[in-house]
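One chain, chain A, appears in both complexes that follow, with chain B as partner in the first and chain C in the second.
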Partner chain A sequence: MAVIETLNTGFGSWNPLIWLAAFIIAIILAWFIWLRGESDYRKGTEQTKPFISGNAEPEKGEVHVRGGNMYWGFTNALEDYYERLVPLHSGILTDYILWFLGVMAIVMILVLGGGLI
Partner chain B sequence: MITGWIMENLPALLLAVPMLGAILTPLVGKVSEKGRNAWVLLVSLAALCVAALLTNEVLSSGTVIYTFGAGTPASAIPADSGGLPFRIIFTVDAMSVFMAISASIVGFAVTLFSIAGDSKMSGKDSFYALLLLMQVGILGMVCTGDMFNFFVFLEINSLAGAALVASRVDKGYAVEAGLKYAVLSTLGGLLVLFAVGLFYGQYDALNMAVIADSMQFGVLDKIALVLLLVALAMKSGAVPMHFWTPDAYSMAPSSVTAFLVVASQASLYGVFRVVFTLYNVTLDYATIGWIIIILGVLSMFIGVTMAIPQKDVKRLMAYHAVSQTGYMLLGVGVGLAVLGNAAMMDAFGMTAMEGGLFHIINHAMYKGLLFLTAGAIFYQAGTRNLNKLGGLGHEMKWTMVFFIIGALAIAGIPPFNGFASKLMIYESVFMFSPILSIIAMVVSILTLASFVKVFHSMFMGPKLPEYEGVREVPRYMLAGMGILALLVILFGVFPQQVVDFLITPAATALVDQGSYIAAVLGGGA
Partner chain C sequence: MIDVILAVVGGTIAVTIIGIIVGLVLLGIDRKFAAHMQARVGPPLRQPFIDVAKLMCKDSIVPENAVVSVFNAAPLIALASAVTLLLYIPIAGFYPLFGGLGDAILVMYILTVPALAMVAGGFASGSPYATVGAQREMVTMIAYEFPLAVAIVAVAWRFSMAGFSDPFSLATMAGVGSGVVVWDIVGPLGIIGCLILLLVLAWVTPAELSRVPCDTPEAETELCGGLVAEYSGRNLALFYLAGGVKTFAMTALGVAIFLPWNISWFIGITGWTALIADVVFFLLKVIVVMFFSVSLIRVSMARFRINHLVSLYWGYIAIAALVGLMMIILDVFMKGGVVL
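Moving on to the complex of A and B:
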């Protein structure tokens, strides 16, 4: 049937509908497991308030992890890479034009000079 | 009678509808703002309908030729042309309609979104006129069969785009971004014009089929190839000529940014059209193929690694747009590199090309969607700064769902459309060079990591006091995002249908230079 046609990549295949069926079965299983959990949860009561070892809860804005704090380890590990790459994005138009003309010169040499291979 | 006339003039109507719409928009706006909004939506919908009809016509009956000013437009060399295809000819093949339908869908979605999303802006009459003019430029670029005409539409696309980038005067930053885009686009346009001049000087022709048929691949042709290739690659945002992209994409209104993605893809179409249709058999496949592959790999990797530390959500998404363009260049570049080897082409080259082309339309949908969600956030929260945003998922549930769909699609997570095209690219490129395929997969993982950060920064966390009054965006904006989200899901769940209907015919049309030439010089397919 055309509707459940599989995407052929030439080497393997991919059928999203079979994947979706498996996904839905997994969701139903997870739901059943969830149903067997504790049922005494009451939204908005004392039990839903955060417990921070008896300390007062900070302001909402202070506990949210902001975007700038994420992946610090990744960017720090690649510090050398970023120290070279970021300054190239100078925001200066003449720099942009130089890169453009530089790439053109390299490609011109490659094409007129007989190629890469 | 009317139906017959419409069907006979579809290529002209594809441009005439948005062009007429653009011209009349300021006049309608003088009468009524609501009337102007309805008019712009109607024009955009009509353009989409024409694109759909033309797509159906081309895919069912073959390449459509339309000669402007001729007694019989369907013939490339009508009797009153003196036996030469000197008139402006639109050569609309499967590749053209593939791009046209993609642009028209995104065009309609962004227009719908902008009705409410840009309602707080002044100067909306000219804004919508420029938006429709940019659509004219994009559609003209992908449909024309004439090199000079291609340059004209490239300029219309670029100038309308630059003006739109500068339309939100935000302490001068938007104007600066628009100026950068305009200067670089003009420089690129001049080089394209110079290349067109080289063709005209050598072959006395501007028609692509005539030039392709006469192509000698001498020194001047090689110079023209480099000028066209590099100028159009710059316009499509390929690294290391991508620097304008984050500046322009981040400062433009989000509806414009979503459409700029398609405008850049029209230049990518130009790269592919030049390489496959103008030069094709005369090319050194390995050299040009590897140049495109290297540009693709650089774009993928540098784009995504520059995206990760960004704090402005639209700037971050702009770097991802650069990164995703790399996948398209990689897929089609691999196809080009093995074009001369029939065995390799059958084994994986064609799949790589189809994957690259499939990624174009997928990217137009999910990246358009992501930029619109960023616009929805800016509309309500008034900032794009990820260090300031947070907790918006409590009130903006629909926007959050649309963002999740777009983010999973761009990261190549099943069952969304980005996964299908990336899978085709991974597997076919692996046969060509495993390391390139591995780089592509690593880039996808980094893309997912980056969008997890954006998702957390914008939607997760407790409700923040500064966003106390924030509510979901108006219905028009949700409808614009909803159309694209629906297509992201449908293209992901039924990928083979899309490949069979749109992608394979487009890839075949691109590779088959002989048919393109015969369609014009033989008087029509």
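Moving on to the complex of A and C:
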């Protein structure tokens, strides 16, 4: 029984195995629904070509969304923030350690200050 | 052990059936609301059921560029994870089936799984439209998670300050057993804070459900369906069902946190009639929440551009959520409402 015991923190609870069991059962039920659907389609025909509004499919490399563009929208909306943040990434290890120590100091002041209050 | 297995199996089957039926009915009601607001008659309430039946009869095409296993698995994972959400949310004032086995933090995590499954399916489609749609879905998720987390944590923290154990439990927030809801423990400032957080949750709902004006990942008019552009037949039907179940789960979550009252004690009835009255009242509240957070917003607004959506959620709505949180904190410091 120990393996299905729930983690209770006093603030909330979490039992991963029970969720996993329910998820697997739900997957099986979803699969039963999926099985009842039409499975057939015309392989190797126009039907299986990617839909690009009737245009011919370009070279795959040309339409590939690169990792750098993955979060466009986010980086564009927060452009002012990134314009300041990116130059800070100098690639020099000592700079990063300095940032780490600085942030740690601020966190400790906040935690210790909060404790004193 | 046997009773645990029976509860998990029986509960999951029951919740799957109920979740799908109620989810599709909600989608039908939403379409009816939207139609009437646009001076149209609209489709019948059973139209989502007809749509699913129709999709199940259509060819389920797997594109030649697709990663077949991920492409086919994504709709299954989306529906299954959406169903498991309902196991942790109090329905009609009843203790959730898995109430003591997961809390609001878990629900927030599970809410991301259907969206992540759609992202995986979009990337696995091997289509430029679907890839751009999947990219937008990821950005949308990053945008709305922060205000959602602030809204839920703020309410849980207020319960904690009022001396409740398990403040992150949705049963605690819904007042199951105690009969105490968040409006009972906050003072005047806290009431304003909770109203702001209620509005924040209402604004997070269309983004969570990828509905207009936050449907940038699908964007029919520019991306031809985006991350579901290559989906058809039974795979698309499962995504549709997952959307219905998630609509039910999100609106039920809003009801559980901010509008959890039952009606049976108010009109003084007991027994089976009270049970039926509470279930009907709960469904009415779900429909009202859906009307204001989905139907009304999607009819009255046009689609956001993806960068505008991020600005909105990380800017205005995040600030609104933090203001709501600050008002609840101030309420506690000023000894408003119930403070331990």
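Note that the second predicted complex is superposed on the first by the 82 of 117 C-alpha atoms of A that agree within 3 Å, B and C clash if a C-alpha of one lies under 4 Å from a C-alpha of the other, contacts with A are read in each partner's own complex, and residues count from 1 in each chain.
Keep this in mind: a residue touches a chain if its C-beta (ideal position, glycine included) is under 8 Å from a C-beta of that chain, and two chains touch if they have at least 3 such contacts.
Keep in mind that this is a model prediction, so the values were computed, not measured.
Student: For A:Ile97, decide between first (touching chain B), second (touching chain C), both and neither.
Tutor: First partner only, chain B.
Student: Applying the touch criterion given at the start, work out whether A:Ala26 contacts chain B, chain C, both or neither, answering first, second, both or neither.
Tutor: second
Student: Just checking: does A:Ser53 make contact with chain B only, chain C only, both, or neither of them? Give me first, second, both or neither.
Tutor: In the superposed model, A:Ser53 contacts chain C only, not chain B.
Student: If you stack the two complexes on chain A, which partner ends up touching A:Leu78: first (chain B), second (chain C), both, or neither?
Tutor: In the superposition, A:Leu78 contacts both chain B and chain C.
Student: Contact-wise, after the overlay, does A:Gly67 reach chain B, chain C, both or neither (first, second, both, neither)?
Tutor: first
Student: State whether A:Pro87 touches chain B only (first), chain C only (second), both chains, or neither.
Tutor: Touch status of A:Pro87: no partner.
Student: Which of the two partners, first being chain B and second being chain C, lies in contact with A:Gly10: first, second, both, or neither?
Tutor: both
Student: Do any residues of chain A touch both chain B and chain C, and if so, which are they?
Tutor: Residues 6, 8, 10-12, 14, 19, 23, 60, 63-65, 70-71, 74, 78 of chain A touch both chain B and chain C.
Student: So in the complex, which bits of chain A are touching chain C?
Tutor: Within the complex, chain A contacts chain C at residues 1, 4, 6, 8, 10-15, 18-19, 21-23, 25-27, 29-31, 33-34, 36-42, 44, 47-53, 60, 63-65, 69-74, 76-78.
Student: If we count contacts the way the header does, which residues on chain B are in touch with chain A in the complex?
Tutor: Interface residues on the chain B side: 179-180, 183-184, 187-188, 191, 219, 222-223, 225-227, 229-231, 233-234, 240-241, 243-244, 246-247, 284, 286-288, 290-291, 302, 305-306, 308-309, 311, 347-348, 351, 355, 386-391, 414-415, 419-420, 423-424, 427-428, 430-431, 449, 453-454, 456-457, 461-466, 492-497, 499-500.
Student: Please name which positions on chain A make contact with chain B in the complex.
Tutor: Per the stated touch rule, the residues are 2-3, 5-12, 14, 16-17, 19-20, 23, 59-61, 63-68, 70-71, 74-75, 78, 81-82, 85-86, 88-91, 93, 95-97, 99-100, 103-104, 107-108, 110-112, 115-117.
Student: Could you pull out which chain C residues touch chain A in their complex?
Tutor: 1, 4, 8-9, 11-13, 16, 55-65, 75-77, 79-81, 83-84, 87, 98, 100-106, 110, 125-129, 131-132, 135-136, 138-139, 142-143, 156, 160, 165-169, 216, 224, 229-230, 233-235, 237-238, 241, 306-311, 314
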